[in-house]
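Structure incoming, see below.
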């Protein structure tokens, strides 16, 4: 192995306590204490090293502690760079804007304004939802089955998951539900259903302010919309005077190969939300992109203390310079995605109920039930692989390896996964 | 001056661009680009040094780039500590929990569970609002005039500011409004009004799930509730079966002298929200504290990618160790608050309409109109002091110096402020 | 007695059944079956005659089966007059409009447009709430403590009673609560509290579309607002760009002496809702009056099958001709109200906790507790008087005798009431 | 003609005034003033007699002023029967309950409790919506495309028509929309779509309290659901723990042949709402039927002044005795419906875009556009026939003749309709 961990002996810290809230979840499945991490590996306090196919739920697309990003951060800290800048002008913010404009927007001939919302994905979605309501004077927003957009009250209304929805304990309002691509199988075009629902003036489907769409639904179970469907949806939105928001918080930042998940679809969303892997190194950051004509905000109308997280701006700019100055990463994702896909495809042949889902390096294996997927995840963890499940029933084993995972490590992880799937398939059949 | 800036010549970055959204606000008043910062000073790209009495809106209570916190962060980065841990067990999280339990909770005989919400204040408030609704089975939450709790849809309903409220473009629901201490002057006890409103079964004031209270309202204009009133409110809440949430996001972390803003009041809130200065160094972090009997969350019921911001956990633990192991900071805040208070009190004698407001180092000078306050802020900035306004009309000049500001620097800043107030008072009278 | 009942032997009908829903209420207290009624008397199936001080909750201000109204209805039925006309032009509707314009509006120099909503009070309130939201572009409506405006979802949000509110089982939204005259006693001017709440831009009290006000709250406990307070409220509404809706459903149609309850206050509401006694004979009918400039409805925007209840139009027109062509009824109400008032005032001297409330013939005796009021009502019924309670705790014995009750009958009823109050006062003291 | 109008010279009434609100609608199309009516005819003030195929939007299923009902009402008035009884026990109410139980429920082996809501359809729907939310503890209610359930705030959320929905000027909440039978054509089973939407725990379709269904949608355009679909919907409701409310306000009371519109489908709704033709004579009345186990109301939890409209109870009981003691009316509706159907079917052959819709005597001709339907209605009116349009675009000419229309009158009306359709078809082709 080529991973060099600087240290597995961190400074002494006290034993864990028992007072963290019951709301904790991942740590219930991955029952160890992690200390350090590098690339696609995490190291536990007992010294054990794990391959990480969770990658912070796609917030660590470039792996843990990329050395160049770490150096960049060290340098910034070294000269006492501003850490928190609210929305003051800071060199860090300006550097990010400049880099994003030159390396991301310009090469794609895109023209967007940038808003830094509070540094979480949900906050970016909340901002986008406000903005489309303001711009259109309409209150309803169309969200899709299986969508996940966050759990603050506004974005939660758009999230499909009933476990999260039930947490609100007040009705979730001003969101209409439409069906994602393939929800009713291949023979029913759900974009057409939506168009017809919105076209009939007595349907009860009010004209919406926007459609809020993930092109690939991560939490929903690696549901990848087809190019044709996404293009249809974009047209239906325009036809009915609704803006198109692409929530690229999980699918963007290269997870599907291109920087934005929709690039190969030939659409230009009116608004885009980004977060998760933006900072490259796991620091909280989010971004709302809007076409200039929709930048109708008043000063400070949406705000938040941490919207100027300058350390994140600095590493985000460096991330773009390092990974998005050429097509290497996109090629890597294509190749590695293919590797993952082939493995999953082989596993899917084990039984007719299995199915490969997703796109790019945003792939999963539907194993039919949450119980089986959970058992596979558990077995993987015992064998040194961190991998999670998603989908309506938790039935999809989700491969979210860092995009930068060396092919060798990727193969190691996939081997562990294959063993686990095979073992569980045997055990339960 | 004793401030040592490591560097005012940061690595070359490109010029600022023109594509940041119209939503930006602070940078419209403080029209320079900041590069680095140390202690209570910020340095602009033209080399000019400013005294900072804004302090990230109280998110930088310990000043910029405290050397010990910076060292701690460098060390953590140095051994490739986990940066983003979701809610996995990490040494960083455990270290924070342990430190918080030993240094904050135990000495105060407090017993709370800890929830790490998405790392913003608004997310902590959203979590708290969900939880009280779940625990009580009631939907309404009482919020107070002048309150500010964030701008995501749930917390925005509780925020009083009409500029922010208007941003929602849908009705804000499930929050009832009550009047903060002194809203109707000294002769009307608003806690009593609330009690009587809730006591009458035909009043239309539904029994609420909780009261959501800031003991000092920063954005609302440095309105400091009295001990008696806060105690009354706590009693009224209990009487009507409502939980008491103290939103200590801005007033907590020492701003009023004690770690929690309510310590001297002898109350124990059912739920406390913290954020802003938690990490000590400006990294996004938030915390919801709840009495164990109210920790009724299901696993993952409220979640968020960045709830495990480990760099923040590490600096937050170090912050507590450094500043809250003894009573020195509290004593400093008392002394420095007195210094600020005396200056403001002198200024308040300039004209009968001026008034000093606030508590601890959370003080402001009400100068009657937003125009005058704004002119004072502008003049201060010209003379090297960053200082902002707040209040219903922006009429309060808000002194939010870092708690660690050396007395000498504090005096320098107050001198600039005094000159500006005097000049504007002369000019406009 | 001078009452001549045409018949107490109606056509044979089957025995009562046991399948009426649990929602029934009045019949639980007045446990007999009523057959016929005339003037201020009702006759039960066992032949017993009761004096009626309930009067259909003020829907029978002119007594039961006024002979002229009955004749008018018979005549209309006799020539097969249209019974249900939707909002077609009918002679019945035109007759009512003409009469209302000439006899009610013109003498009072009032200029209003007439809308016939579905024939219930709650429907009129729903229409008014829609209209003010449309006209102002604002969503919030101010309703007052103790107010009762109906129980359909829109009007229920404005109703204060917690028993009724709890029936919604969804949050009631878009209504803000203000305090009725005297809610906090005589020393606090609640109109001023409301003005100050609405004046502060950070109060969280959004600018409302309208104030929705009863000048005397019947269900709330015979709370009569003072002239000064009502005038203040009208001014506060205008100051903040809110329309003033007077809900005169219970207090109007002469209950306080004048046709509208606000006539002596010198105000002109922007919108008025009427129902209950409009038809004079108990037939369902409602009316929304709006200043012409606010008649911004689109055709059919608010509708309802029974909005053209022509029998009610015919008797309503006759009611106006008979009772509102001169000042006799107003004088009668003044005299009879005085009679009731004196009796209640004497009773109130029995113990310091008793209090007389109300205005005109809209009076009640607050006896301190719902238990006592209920016992009084029960005792009255045993002695031949139908009388109900209201108020937050049901603590007010409510005298709602028909306005046309002959003084002798009124005295008989008051004597029964006096005996009951005295007996219960003795029993419980 | 066999119609005997008692009088076309009513007592003198003043000329119409100009102060009725802009909200008026039907009178804009049928521009005359109606005076009297008998059976299936209405007579205008100029003496002209019209055939009525509008029938109060199905509120006059038994024609205008049925002589037996008129006699019954006269008799009741004659002995000064109670007119308005709140929910006191009255002989009138008991008589209705008894009759309804014996003549409607018992022969159909149905067991329901009876609730008298405020006497409008929308009020019955509001009550039903409250009750299902209470019983299930769920807030969402599924309503269908094209549904019409009233325009008060609760029921309006369930109504599909965008013109009416836009009148609310606040968001309409707590209703989810599903697609009525045939909305997507014959090849897509919308009951199956709904089942699959509700089955997926991440769909965002919350488990609903109830489905709210019209078996034939009158306002929606005479959309008649098939037996299979209705049965499927009933099963889907049960499967997901939702109650089934059949809103039979327009389709019930014999309009489709049987008393309830669903009788031939073999389902038993959990809750049924009735209104419109209940009283037989156009008097406002409504009824909520609920299975006994769902009668979980508290006393008075839903109320309304006119819920005890005794004149309506009396005529309603007589209506049932006269028309529902045997199968004659059902046979008549079958025969007459066939007559109407054949006429419409012939007209539909005029051009491929025409289509016959509906069931029983609840039929319409879809003529493709609202303009054409409106022109046909106008031409009919010129020729002595009152007939209206419905549907999403007003494209359906709606035949709502009284069920009791003599065949000869029915033929006369259909002849006028045929002429108009043919003329307009020629003119526009």
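By written order: A, B, C and D. Residues from 1 in each chain.
We adopt the following convention: a residue touches a chain if its C-beta (ideal position, glycine included) is under 8 Å from a C-beta of that chain, and two chains touch if they have at least 3 such contacts.
Here the structure is a predicted model, which means the values were calculated and not measured.
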Kindly list the shared contact partners of chain C and chain D, in label order. A, B
More than half overlap in residue numbers between the two sides of the chain B-chain C interface, or less? Answer same or different. same
Centroid from C-alpha atoms only, then distance chain B to chain D, rounded to Å. What do you get? 58
Provide the C-alpha centroid distance between chain B and chain C, rounded to the nearest whole angstrom. 50
Here the gap between chain A and chain B, centre to centre from mean Cα coordinates and rounded to Å, is 30
Multi-partner residues in chain D (2 or more other chains touched) are 139, 163, 170-171, 173-174
Quick one: which bits of chain C touch chain A in the complex? Just the residue numbers, please. 170-171
Seen from chain B, its contact residues with chain A in the complex are 5-7, 9-11, 13-17, 19-28, 30-38, 42, 45, 54, 56-57, 59-60, 64-65, 70, 73-91, 93-95, 97-99, 101-102, 112-116, 118-123, 126, 129-130, 133-134, 137, 139, 150-155, 157, 163-164, 166-170, 173-174, 275-276, 281-284, 288, 290, 295-306, 309-311
Looking at the complex, which residues from chain D come into contact with chain A? 139-140, 143-147, 158-163, 165, 171-177, 179, 183-184, 188, 193, 196-197, 200-207, 219-221, 391-393
